[in-house]
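As written, the chains take the letters A, B, C and D, and residue 1 is the first residue of each chain.
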Amino acid sequence: MMPDLINALLVVVLALNLFALGNSRIQSVVHIVAVQGALLGVIMLLMHEHLTLPVVLSAIAAVGIKGIVIPVIMIRSLRAADIKREVEPFIGFLPSILLGAIVTAVALLFAPGLSSSGPSSPVGNAVYLVIPASIATVLVGFIILVSRYKAISQVLGYLVLENGIYIFGMLLIEAIPLVVEMGMLLDLFVAIFVISIITNHINQAFSSMDTRRLASLKE
Amino acid sequence: MSFYLIAWAIVLSAASGLPLLFLKRRGRAARAGQLAGTGILVIACVAGFVGAASALFEPASVSYILPWPSVGDGLLGLDPLSAFFLVLIFFVAPLSSVYSLGYAQAGRNPRTSRRMQLFFGLLVAGMSLLVIARHALVFLLGWETMALSAYFLIASEDEKLENRRAGFVYLVATHCGTLALFGMFALWRMATGSFELSPVSSMEGGALCGIVLLSLFGFGVKAGLMPLHFWLPGAHAAAPSHVSALLSGVMLKMGVYGIIRMLGLLPVLPVFWGVLVLALGIVSGILGVAYALAQHDLKRLLAYHSVENIGIILMGLGTALLGRAWGRSDIVALAMGGCLLHIWNHGLFKSLLFFGAGSVLRATGTRQIDKLGGLIKSMPWTAAFFALGAVAICGLPPLNGFISELLIYLGIFGGLSQSGTLAALTSLAAPCLAMIGALAVACFVKATSATFLGSARAPEAGRGREASASMLLPMGVLAAACAAIGFAPGLVASALDAAVGSWNGKHALALPGIATLAPLNYIGYAGIALVSAAALISLAIALRRPRRRRELGQSGICRSGPTWDCGYAAPTGRMQYTASSFARGLVGMFSWALKPSPEPTKLHGAYPAPVVLETEVVDGVLGRVIGPCARVLGALSRRARRFQQGLTQQYVLYILLALVVLLLTLIPAGGLSGLAAAK
Amino acid sequence: MALALIFLPLLFAVIAALIPSNRARPVLLPAAAVCHLSATILLIARPELAAWPASDFGPGSWFGIDAPGKLVLLVVSVLFFFCSIFSVGYLRYRQERPNRVFVSCLLVFLAVIGLVTFSRHLGLMWVAIEATTLSTAPLIYFNHSKKSIEATWKYLLVGSVGIALALFGTFFLAYSVQSAGLKPSMMMGELLAGAPSLSKPWLRAAFVLLLVGYGTKMGLAPMHTWKPDAYGEAPGVVGAIFSGGVTSVAFLAFLRVYRVCIAAGEAEYVSHVLLAMGLVSMAVAGLFMIGQRDFKRSLAYSSVEHMGILVVGLGIGGPALYGTMLHIATNSMTKGVLFLSAGNIHRAYASKSTDDVRGAMRRLPFSGALFLAGFLAITGSPPFGPFVSEFSILTGAFDSRLFLVGGLFLVFLFVVFLGMGKTVLKVTLGRPPVEVFEEPYRDGFLTIAPVFALMAVVLMLGVYIPGPLDALLRDAAAGLGAGV
Amino acid sequence: MLIIHLVILLALPPLLLGVIGKTKAVFAGRRGPPLLQAYRDIAKLLRKALVISETTSWIFQAAPAVTLVAVFLAGLLVPFGPSPAPLAFSGDMILFAYLFGLSRFFTTAAALDTGSAFEGMGSAREATFACLTEPALFLVFIALAKETGSLSLTKMLRSGSLLFDAAAAPPLVLVCIGLFIVLLSENSRIPVDDPCTHLELTMIHEAMILDHSGPLLGLIEYSASMKLLVLESVLVTLALPFGSGVAAIDSCIFVAETLVLAMAIGVVESVMARLRMRRVPYLLTGALLLCGSGFILIVR
């Protein structure tokens, strides 16, 4: 029953992608991404059949960083910039939802399932949604990155991208030791931290979060 | 022994710029530094000259290791062919360095003098190094040293925009050539398995073809072959005259050396290549002199004549290649001898002419021929030397130019005794060479007369004054050399035999001596007779005593008045025939190539308004090929810039696109389905 | 030794963060650099020290350094050494700006480099690469101008996205092991061992992702877009660190992936992709250099071009690999010369547009001359180092009968020369505008001597390659399958 | 042998001028000047005083001497009739042609030395037209060299004997016609130039010597006539290869032939008008083509 649960959760993750695409209020997008991140932490936990301390730790760390710390940072810089919503994105909301849906469908249809061979986690083997989900999420992240103009929205897109990759990582639990996992999370955290600092400076310097203002350096 | 002399010469000349570099820029210190540098250079060159001259007659070619760990040690070598070119380098370089003492005094222009002194020495060193290089990378080292120092010399007066522009054109051209040489030597490495430049007996066709074409291109750019000459006029005009003398007299020859050397290393080429080289020579000969005719700028005119002379040299080379393909040792000996001798000769008289032009420029401050005139009175020696150089470069007896052209003619005529229509047709090069000669005569009559003869056309020409001794001396030496080769061609015959022999070395054709093939001594006697007789006659006229008193005019045997000018009482300088009008007919004859600027509208009415006629001929290649290409490239890059307008969204999109495109390359391997297949 | 190389700079970084004095802090840089350099040289001279003091650096462990790693470590260490001296002089001119972040970040970067070169675990290596991105971002931001914010933003976003893809690729790689029926792994040792049995499609997909990912970091076209902005806005010394250090490290990371692919027998596919990628980068760089007004940006594009050359060399493989390895060194050193001298010129003219910057040879005789010399070196004039490396890459191309590649290589080199030459000569030659002489800046010892030294190194590499370095280059090339 | 050659070379030239003049006079129905008038003129000029323009330099005074010597040397290179030239070596025709080049260099330079517009005009035309006649001359040479396989005028001109076998004749005829045009142009006769006109704008040779006077003018006239003889002798030796074995008779025949050719020139001058300057290049190109096609025919 465990694999079915995981697959179900992955479906939820995919749904969250579409919500993220369709939502114009940045704050709620932040929430969506946070939920997605936390969910991934949980799924990670479920992937292991027998729980060990490091696994639990890493899951907690994941949930903590993706689900709590980063959203907090984002919300604060959002407050600082006091912007509410993404107005006239490069690709409209409905179109981007459609695009996301198409991408997801394509991923589900064409992206390969799992290699049955190999002594990977038996749970993992049964979870046929992992790779499609991760690919779809990565592509959705790209869509957000390309279609949104507000700096923060782009950061969110980056987060979605990261989540997608993280999903794939679930197949490789043995390959990724705790240290590396922590390192990745740390990197993500620092990245978001630095980026948020920069976005704050952007906000101060340009009195706007609109990246179209940041086009003075060009050929 | 001789090799070590040369090695020392290279080192010393490379170092000759240092004294001035570490001395004060102005005043006496600078002067001293320049003198010291010149002294070092002269000593070095004398040593090198001795070494080269002796090496010219050492039959065996010797080779030495140049330690260069990065590329695996390089080889140096010395054979008569190298020595032949070294002689030219070490003869002209010191003269032009001495000339610079008067022409570009260190104290006068402190900013440029250091650079000039330094890079002048480096230029000499680079040229001599590449001539003795027997290893591709050593060759490239010498080559690039030469090319870059030449650039800095050309751009040495870089506050003038036109000089910077000319310098840039040169730099781009020469780098293009260098890259072609990169490719050429890489091919050489591929074909022969090593960078060592030693003769190969056989080579696969493709590589051979590639090597020949690339070396014709890469070296042709430097030599100023017709379609590739576009950098040359501007550079020679922009450079200080003593530098232009060295560039035109010697550096161009390094390009020719490259071609000659590579073709000498390769196995015998089929007839086609000989015909190609011959044709290239004819084209750049005729068009070069045609462009020269259309110039108003004395130094540009001389520069285009370099193109012409390179053409003549290549005609000789092409004929020699034909001779080699036909297995006709006599043709090889004559044509190659003529080619090599013309390389020497052009080095001599072209430097002489540039020195003359430099003195004129220095005195009058203008290079515009149509502003000059009558300078022979204010600067008699310069005028005399220039006239001598002019006669020599036209290839007229009794001077050296005639000797080399005679040899080339004889080589070309050799084709007549070869069976086969094509062979006979190659001798059509002879009329072309004759036409080149006639055009050259026209052009140099124009240049010499408009500059030195008649009367001043503009106030500038009034400022003429004789050049200083340090400038006249080199001209004198060069003039003497021209005359010497002209009157006693037998002297150079053995040198030529040696050089040709080492060029042709491995292709076992026993070469007959040039002296036996060509009537050199007849020519020499004829020349001496001609000059002495002419001198006697004009002396006789000058010293003649009248027999009867009444035949004398009131003022003795020789009265002088204004030019008759068909009775016009007060002829002025501005009424003279200008150089442009002199050349107009011929320029018209070549308008298909020169595309001269259109004539102005005809005069109207009884009292027509004044009309200004300005003719200008822009360089065909630079103006009508290179320019447009550069514009296209610029437009292309402008279009490309549109894709980088500073939007991060775009940039991320590019990453995505790159990813997608690269993922598409998976499709041959089964693509995504392949991934699926990995289930 | 590895730990020393990693933690010593970190220690210095902490100290730098603690020292209050803006004036004294920069001195830490040379100190750290000296330690790092000496440690590196010791490491290369005495390989057995690599493991010391840690107990087991066996093939199974995460830590351990390979020949390319040593090479890059050496190159970056040398470059960093000269840059550190330079930056002491530079920061003296920039007293008005607090340099705490600047100095610490430089030191952290140095530490992270050690981590990259030593990590045998691709995941760990990825972490380290990402860390270099993060530690260098504040360097770009040093000037705190609007433009520098923009540049930093673009660098961070584009760079992070690229790196994320690299992680994705790393996962794919690991997964390709699993789909081959083995235990998934990111250890170089196991990957190389199991290479022949990896599942080809997954491997190729991984390769593509990693190429794009690390290619973004190296600045291959079309992922190069962050480069001109970052290099243009960052101080010259940072530009040197980036184009000489960061890019080399990213290339090192990619080299390891390349090794796996070669070991898996994917040489042909890989080389096709690499050749295409490299030539495109060279072409794009050349295209953007033409008519480039901003001389620092044109240097950035030159860096793009040289990454392209490296990739082309890799794609040619076999006979060209030695040249490629050498080119890592020569390119970094020459870029150092160019960026440092360009920084001086920028300082003296307070502008980096060729509209204002003219006659640098007269305004700053040394910097101007060095800039020009660096230009000639980087465009491959003998006897400088890049000539040797580029020429041997070219001969490699011809030796393996890739005539088209060789021809295009030459053509693009020419286009690059055309574009870069125009810009550089505009900057150096001519008569400088009078008002720039009022700018107080003059060439000082600290800002010139390092550049001279770097130029000397460039020249030395062209004339004489020291024995140990040569050996290093050779077995680095051998490890990548030279002579195969 | 050499003596005879020298005598002809030095003594005959002015007579040719006389003959031409006489012929033209006959056509014009005048009595015309006596045959030996040219000798008298030259002798008179040589005795007269000089008037020299201040603008001129030594080149102006050296030119006539150089011209004379050059033409004289050229005269030593051509065979007069069947008997070989005093100076014969392989490649002598190149020297032959270039000696004329030398003389042209000095004449034109001297003309420009005076600074007179008219003389400049003349020398410009001279230089221009020479660019077409010289290649024509060399085409003749390679044609004859191909025919005879020799590179010396003495032997090359022997090929005239082939004029009488039908196979080899046609190209040679073309070559001879071309050579005749070259002869007219080089000696500045009608239809290229009119030696007797006094409308300066239309002159070439006469315009160049407007400022020469006294002995200088005498030398010029003399060397001009000598040039006529030398070029005639090329054509004559080639086109009228008549001779008995005996040298003395041959020389007489040769002299007769040159006189005949002079008359022919006179006839041409009397029946034709001078071409417009713009047309002259066409005529010379025509000569070029004739010689060229002659060569092609021989090669084929």
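Convention: contacts are C-beta pairs under 8 Å (C-beta built on N, C-alpha and C of every residue); 3 or more make two chains touch, one makes a residue touch a chain.
All values reported here derive from a predicted model rather than from experimental measurement.
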item	value
Partner chains that chain C and chain D have in common	B
Geometric centre: closest chain by C-alpha means	B
Inter-chain pair with the most contacting C-beta pairs	B-D
Most distant chain from chain B, judged by the mean position of its C-alpha atoms	A
Chain A-chain C separation of Cα centroids, rounded to whole Å	31
Cα-centroid distance, chain A relative to chain B, in whole angstrom	69
Centroid spacing, where centroids are CA-atom means, of chain B and chain D in whole angstrom	36
Centre distance in Å when chain A and chain D are each reduced to the mean of their C-alpha atoms	100
Multi-partner residues of chain D (at least 2 other chains)	none
Chain A residues counted as touching two or more neighbouring chains	115, 145, 154, 211, 214-217, 219
Shared interface positions of chain B, touching two or more other chains	640-641, 644, 646, 648, 652, 675, 677-678
All pairs of touching chains, each written as two labels joined by a dash	A-B, A-C, B-C, B-D
Sites on chain D touched by chain B in the complex	47-57, 59, 61-62, 64-66, 68-70, 72-73, 87, 89-92, 94-95, 97-99, 101-102, 104-105, 108-109, 112-121, 123-125, 127-128, 130-131, 133-139, 141-142, 145-146, 149, 151, 200, 210-211, 215-216, 219, 281, 292, 295, 299-300
Touching residues on chain C, where the partner in the complex is chain A	121, 123-124, 126-127, 130-131, 133-134, 137-138, 141, 144, 146-147, 149-154, 156-157, 160-161, 164, 167-168, 171-172, 174-175, 177-186, 199, 228-229, 232-233, 288
Chain B residues within the chain A interface of the complex	640-641, 644-649, 652-653, 656, 672-673, 675-679
Residue ranges of chain B in contact with chain C within the complex	68-71, 111, 137, 140-141, 144-145, 148, 155, 158-159, 164, 167-168, 171-172, 175-176, 178-180, 182-183, 185-187, 189-190, 633-634, 636-638, 640-641, 644, 646, 648, 650-652, 654-655, 657-659, 662-663, 665-666, 669-671, 674-675, 677-678
Chain A to chain C touching residues, read off their complex	115, 117-120, 138, 145, 151, 154-155, 158, 161-162, 164-165, 168-169, 171-172, 174-177, 179-180, 183-184, 186-187, 190-191, 194-195, 198-199, 201-202, 205-206, 211, 214-217, 219
